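Working notes for the structure below.
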Amino acid sequence: MLYQVTFPVRYYEADPMGIVHHSEYIRYFEIARDTWLKSVGFDHKKCMEENLVFPVVSIHCDYKISAKFGQDVTVTAEITEFTGATVTFHQQVLDPHGNVCADGEVKLAFINTKLGHVVRCPESLRATFDGKY
Amino acid sequence: MLYQVTFPVRYYEADPMGIVHHSEYIRYFEIARDTWLKSVGFDHKKCMEENLVFPVVSIHCDYKISAKFGQDVTVTAEITEFTGATVTFHQQVLDPHGNVCADGEVKLAFINTKLGHVVRCPESLRATFDGKY
Amino acid sequence: MLYQVTFPVRYYEADPMGIVHHSEYIRYFEIARDTWLKSVGFDHKKCMEENLVFPVVSIHCDYKISAKFGQDVTVTAEITEFTGATVTFHQQVLDPHGNVCADGEVKLAFINTKLGHVVRCPESLRATFDGKY
Amino acid sequence: MLYQVTFPVRYYEADPMGIVHHSEYIRYFEIARDTWLKSVGFDHKKCMEENLVFPVVSIHCDYKISAKFGQDVTVTAEITEFTGATVTFHQQVLDPHGNVCADGEVKLAFINTKLGHVVRCPESLRATFDGKY
């Protein structure tokens, strides 16, 4: 699956160079993952019921060209690896012309907030990731 | 006119209490104003062509109930006064049940970036504000 | 008492006009209040022990001149009213020349997170506010 | 050289898990780089005079343990490579006990804003990077 969501750049996300600050792409990546999770039935309410959060283990991002205020951005999320202990997404931020602004990889783990430590992906979520890449 | 735009709360906008940080409502207000300006043909590109920016002169905001991650918010913008030198918006943030989370008033001025100082609202924009309240 | 704290403007806080975004002054105000609370022995750990949080009830802010990246800002906090149910701060953001960039008023209430509702200011904190204005 | 700067975590930087949001470490890295540049005489004013900005080319960050509101963080910056076309920093965020919260690598290029494109590191800045690693 390749999930994508499109939204406008916000004014305060642009820096004195007039371009989106590099930290905002990291946030855009999260928005795409959260929107996708919600679309497959794993919204915030369900995560809380399952005492589940997804800490970021590592991030890599290559910055290509700059998104600007006044433009929409399209942010993609695609699962490239699922081990049971971690899930890895390939993610991109694209400008309205389809140019790649940022190209990244984000690895997440699973924490059970009741147990207070890292766990293997719970059964209820496993089906969501399995066969999705 | 009463303009409104709806979008999901972002995870990073929520604070350790699990609720949207009070500074984010101020940003939500700006998003609604910018989206409205774009919808009436005064997008960022046009503002740059006209060397026009809208500095915030004053803000007032009463906080009622808290928006949360996992919810959509609807943000309104309504012009309540236009003097030629300033324009004032009444703005609200509403949760999905229509409850008012924040109720604010934002006054803006007009700066010509080429001249480098405050100016009266240019003719091209005046029609947009006149008769809109 | 007039409390003040000085720190540098951060790059990402400045917007495409090269000036600090108006929402950031609202955050600067909070930083000054939190730093003051810590200095009088009411740090985050103590607040958690007392199940105490301080929701913002209302904010007013007049924007005068712009702070810029490359400058330090000094942020003040002074209690102007304490009713037992709410505490009100007068706050300013000053540039390195002592010019007032923003002049605001912030009213806070007291919530007991265990009870889940607004309470009167607990005895332990009352002495901190009493006679401070 | 190993440069470091210490400052308190801000309340709004913490997310609903009560920990610093992963995007904020990326911003902490920038703060340490900017503070270091200023300390060696290359502050924002000088960069503007030289028409010089430092776009981020790539970022990698491994997240170890979480920084929390109520704590100070120490952020380090150390140059590990300088090619003339790019400069690479190794950076860490440490909690008050010296534990590594985040361990990252940030590669920057040099843009001349007057020319509008990437340039080799100007002579005036070269001495700052040469022999610093």
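Here the chain labels run A, B, C and D in written order, and each chain numbers its own residues starting at 1.
In this section, contacts are C-beta pairs under 8 Å (C-beta built on N, C-alpha and C of every residue); 3 or more make two chains touch, one makes a residue touch a chain.
Note that the structure is a prediction, hence the values are computed from the model and not measured.
With centres computed as the average of Cα coordinates, no chain lies farther from subunit B than D. When the contact pairs of A-C are matched by residue number against B-D, B-C or A-B, over half are shared only with B-D.
Homomeric contact subunit B/subunit D is classed as same-residue, with over half of its interface positions used by both copies.
With centres taken as mean Cα positions, subunit D sits 23 Å from subunit A.
Subunit B and subunit D have Cα centroids lying 33 Å from one another.
For the pair subunit C and subunit D, the distance between C-alpha centroids works out to 28 Å.
Among the residues of subunit C, those touching two or more other chains are numbered 11-12, 17, 23, 27, 30, 69. Within the complex, the subunit C residues that touch subunit B are 17, 22-24, 26-27, 30, 53, 55-63, 66, 113. Remark: subunit D residues 11-12, 14-18, 21, 23, 69 touch subunit B in the complex.
The residues of subunit A lying in touch with subunit B in their complex are 7-8, 10-12, 27, 30-31, 34-35, 43-45, 69-70.
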